[in-house]
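What follows are several structures.
Next come two complexes built around chain A: one with chain B, the other with chain C.
Our next item is the complex of A and B:
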């Protein structure tokens, strides 16, 4: 298992490094269109061929990987931060505060987050610039995806609040922020880290689903979601199997994240 | 005690639906296009008529009155009229709900059957090769977006409903396998086996009742997962269900539809969670 985890970490680092160096590794800019080579098959010049606008798929895959791999962790960080604040306050404060927050968490959990995303997205302009769409997509993901983690962090904070360790600290005169920072936060660290790690593949898959239905990152910026839209045309998949490359990379990356998940006791 | 339990669930259900309703009303109140009326663009209207039209919306400007009016309308089943489809939202929801329910029902049933069909042999026979193969299979399906699974089945002329099943089965398989493996190490199960009970009796009398409450809890969660997966599947495979309606409403910024959907989904999920909680309580009581 340890070996598999090491291999997963290695593969992730390799893919991440290649995407970060996309500016040097990619043979063409992601938006460059070779109009005389539209829908070209894979060749020495275009490793994965070109799309219907003549854009190099390999270059777009590298840039798209960079966007998905950089912004999914950023969204996961935002969601985890919100979960820590909301869940931590509920678990530590208890009483009516806990009851109210628990109800809000229940509400968010009762609505699938993809649906929540659709609601929030509908309030924003649909003709946003590509850069805005990237920021909006991943920010909304972070803003609506905090509830599952908040529930677990709340339970963790509650059990720590009632633990002997905290009781002892209270008896020694430690209160307020110091108690939270010195005695409760370190105990929650593994849970918070696990929740952050779980959120990354969830957001990667979420962005892919959104991209497929046209509500993710706007063109011409590439992301795994909008690169997968080519799969909607079965004829082109049959004749150009390299269209499946983004799906293969997505599956490999998400598998690596799943393999690297921390111990189960911190996950649920 | 049982009545108190049911009353608590009912209270939670009403409260959550009320919060969902208030959130929905907030979306409508502060969403773009609030207070705009196509009639105001009619060049035949004079200033007095336009003023009268604006005054008809005056009550909606006061927040408490707006919320009260909105919630009363909602309680009577009036969710308003869809802006993009120009039809009552209630009618749209009742028309499309059966499609989504069928899709989700088939997906959840298929996912659970497949998950349990793989988890039970993995625990019973403890064959490392079978365990490895089923874990790898479930791992692959955990890493593929539901929409891609649906597209593959759609183009292969396969049952698209099974895409939800393929999404749910890895979660069920992993959870059930770990849970059942844990159940077989419980002292009361070991004692039953030591006394010579048949494998069937051990499973039916001691393992299944022990694992049932936690599996029921997972069944409640499956619903949310299934609806989340139904959205892209319905959009890409052209199923006229609630997921497709939500997508169309989001693209058209049709807030009355989105609000109606929010309340419907929140209420439905709360109801199924409450049902699963009550079933868990019944199981636990029976064991005690």
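Our next item is the complex of A and C:
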């Protein structure tokens, strides 16, 4: 298992490094259109072929990985942090505090956030760069995406609060912040990590869907989200299997993150 | 000669056509109304076309007017009045006889301001009531308060209602009647047993027993069902799917040539727009607009975005509109050097790959378009690269349609816009709301109190003159001048004219795809199914 973890860590480092060095590694600028070679198959010049505008898919994948691999985890981290704070407080405090927070979580889960994205998009200045647009998008996703994780973390915190371990710690005179940090937080760690890893692909695919309403990564900037939009057409997948490359990278990255998860389950 | 051959072909096909069977194709949404006077959406328009009887029909293939329920007509009083001689012995689908009273009833209903009929709006050239005179049951004169340009053509959209039938608008004079409607699922049309047209052998049309209109939004599913043989027609198909179909089943993919749909860009020239003054001065400059036009490679857009099924647009009228298209117009060729030369005339200078105006402002602007439209997003990306070659930075902003409309029609908070235009009506009078400077849809600077430029004043004058003229050749001469001014001043940069693409199963006979809608079923009463399809239906 340790070997698998090391391999996963190595693969992730490799992918991160390749995306960060895209400017040097990519054979062509991500926006360059080779108009005489549109939808070209994989070749020595274009390793993953070209897209419908003749742009090198390999270069776009490298640059897109940089965007998605930096911003999706950042948004996932923001969402998970909020979920830990809100869900943890609800589960640990219990009583009226728990009831109020549960209602807030339910409310957050039921609200149609799409409209918030539409409003934000219409309020963004027209000269906002594609990068600004995508940072705003991922930030909002992080700010509104905490509720599902908070519900699970609340349940975990509540379970731990009533566990023999915590009762024993309390009986030994451990209270307040020390009880939370030393006895409850370590027990919640696997749940928190799991929620964080789950959120990453969710946000990546969420960005792809938002692209349809103009809130994803704007042209010509690539991201996994807009690269995955090519898969919407099943016929083109059959004839151009190399358009599956972004999906393959997504699966590899998420699998590697999963392998890096702590093995220990929380104590109930 | 070509026309003679077409007529011969249709007649020969008629003699060979099989009777019976059900044709099946898709509507993209539920019809919003079955009242032919209130039709606004495409699905309702399809039902109206297939069920409604009209006095005059525009032949979709020849674009000529043909007599239907009226055997002849005459326009008088400088375009204010029209007199119809009606066909005798015609009945509605429920057996109620058709008379001039039905035409009078329909026209009064159509022009009733309380009804808010979109079809009626085309006839409203001035306030006042329409007057009808019925000297005989087969003759009627309709007098409008003011001359109506292209009056006879407008009757192509007017389905005649029965004044006496208890079934109201469900009694029709067209080849089919609505027999069943299941919301979200299908509309079933059955043959009108009283339909007046007959084939060459004297038998009553239509050939088909029924038409099933399946309500299906998803175009991929529509294509899969078509390829499985469950559907026999796709009236309009997008170029990407058409390209796939051409490779798979070339005989089923039908490109009828340029359609009436075009794509264009315009710059915001509204002086009250919340934009910097230097940008407003760029957009108001003819040289700047023509330079942008010259820098766009339209041929590449046609080849890449539309898979070769589009043509570089020349001007405001598509070549599909045979009568009104000004063939003398010259297209704006792709010429980045000419673009830079035009910009230099206005003091722009290209330094280190960045174009700057005479005050040193780098030329950068945003182009808004509606999100979710793949072709427009691709076009914008291509234009972005074309403009980068002359040092212009273009930011692409995709917005949901409502936000986009709010920006272009209310807040005026945008720099340039990429959108499409479809003229369903061939007559230029239907475009008065675009070309008049005082009009709401005069997109680059709407609702002007008085024309902002001499060339806009000239367009106003010419559009009003063509609307007032009765002789078609004179109207054409006026509108040709409008097209020339628009091409020269480039308030709209026309990009491409899309081809009319459809998919037709070999199981359907007598289909002759046209450039204007309804492309494939415009002669619905003469469409027939091949024997193999009839046998399949029977199974």
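We take it that the second predicted complex is superposed on the first by the 161 of 268 C-alpha atoms of A that agree within 3 Å, B and C clash if a C-alpha of one lies under 4 Å from a C-alpha of the other, contacts with A are read in each partner's own complex, and residues count from 1 in each chain.
As a convention for this text, a residue touches a chain if its C-beta (ideal position, glycine included) is under 8 Å from a C-beta of that chain, and two chains touch if they have at least 3 such contacts.
No experiment lies behind these values; they were computed from the predicted model shown.
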First (chain B), second (chain C), both or neither touched by A:38: second
Chain B versus chain C as contact partner of A:164, first or second or both or neither: neither
Touching partner for A:104 - first (chain B), second (chain C), both, neither: first
Chain B or chain C, by number of chain A residues touched: B
Partner chain(s) touched by A:53 [first = chain B, second = chain C, both, neither]: second
Contacts of A:115 with chain B and chain C, given as first, second, both or neither: first
Which superposed partner A:201 touches (first chain B, second chain C, both, neither): first
Residues of chain A that lie at the interface with chain B and also at the interface with chain C: 118, 121-122, 126, 212-215, 234
Chain B - residues contacting chain A, complex: 12, 15-16, 19-20, 23, 27, 31-32, 139-140, 142-148, 151, 155, 178, 224-225, 227-228, 231-232, 235-236, 246-247, 249-251, 253-255, 258, 261-262, 265-266, 269-270, 273
In the complex with chain A, residue positions of chain C that touch it: 220, 240, 244, 300, 303-304, 364, 366, 368, 370-372, 377-378, 380-382, 384-385, 395-400, 403, 406, 413-415
Touching residues (chain side chain A, partner chain C) in the complex: 31-33, 35, 38, 52-54, 118, 121-122, 126-130, 211-215, 218-220, 233-235
List of chain A residues in touch with chain B within their complex: 103-104, 106-107, 109-115, 118-119, 121-123, 126, 201, 205, 208-209, 212-215, 228, 231-232, 234, 237, 247, 250-251, 254-255, 258, 264
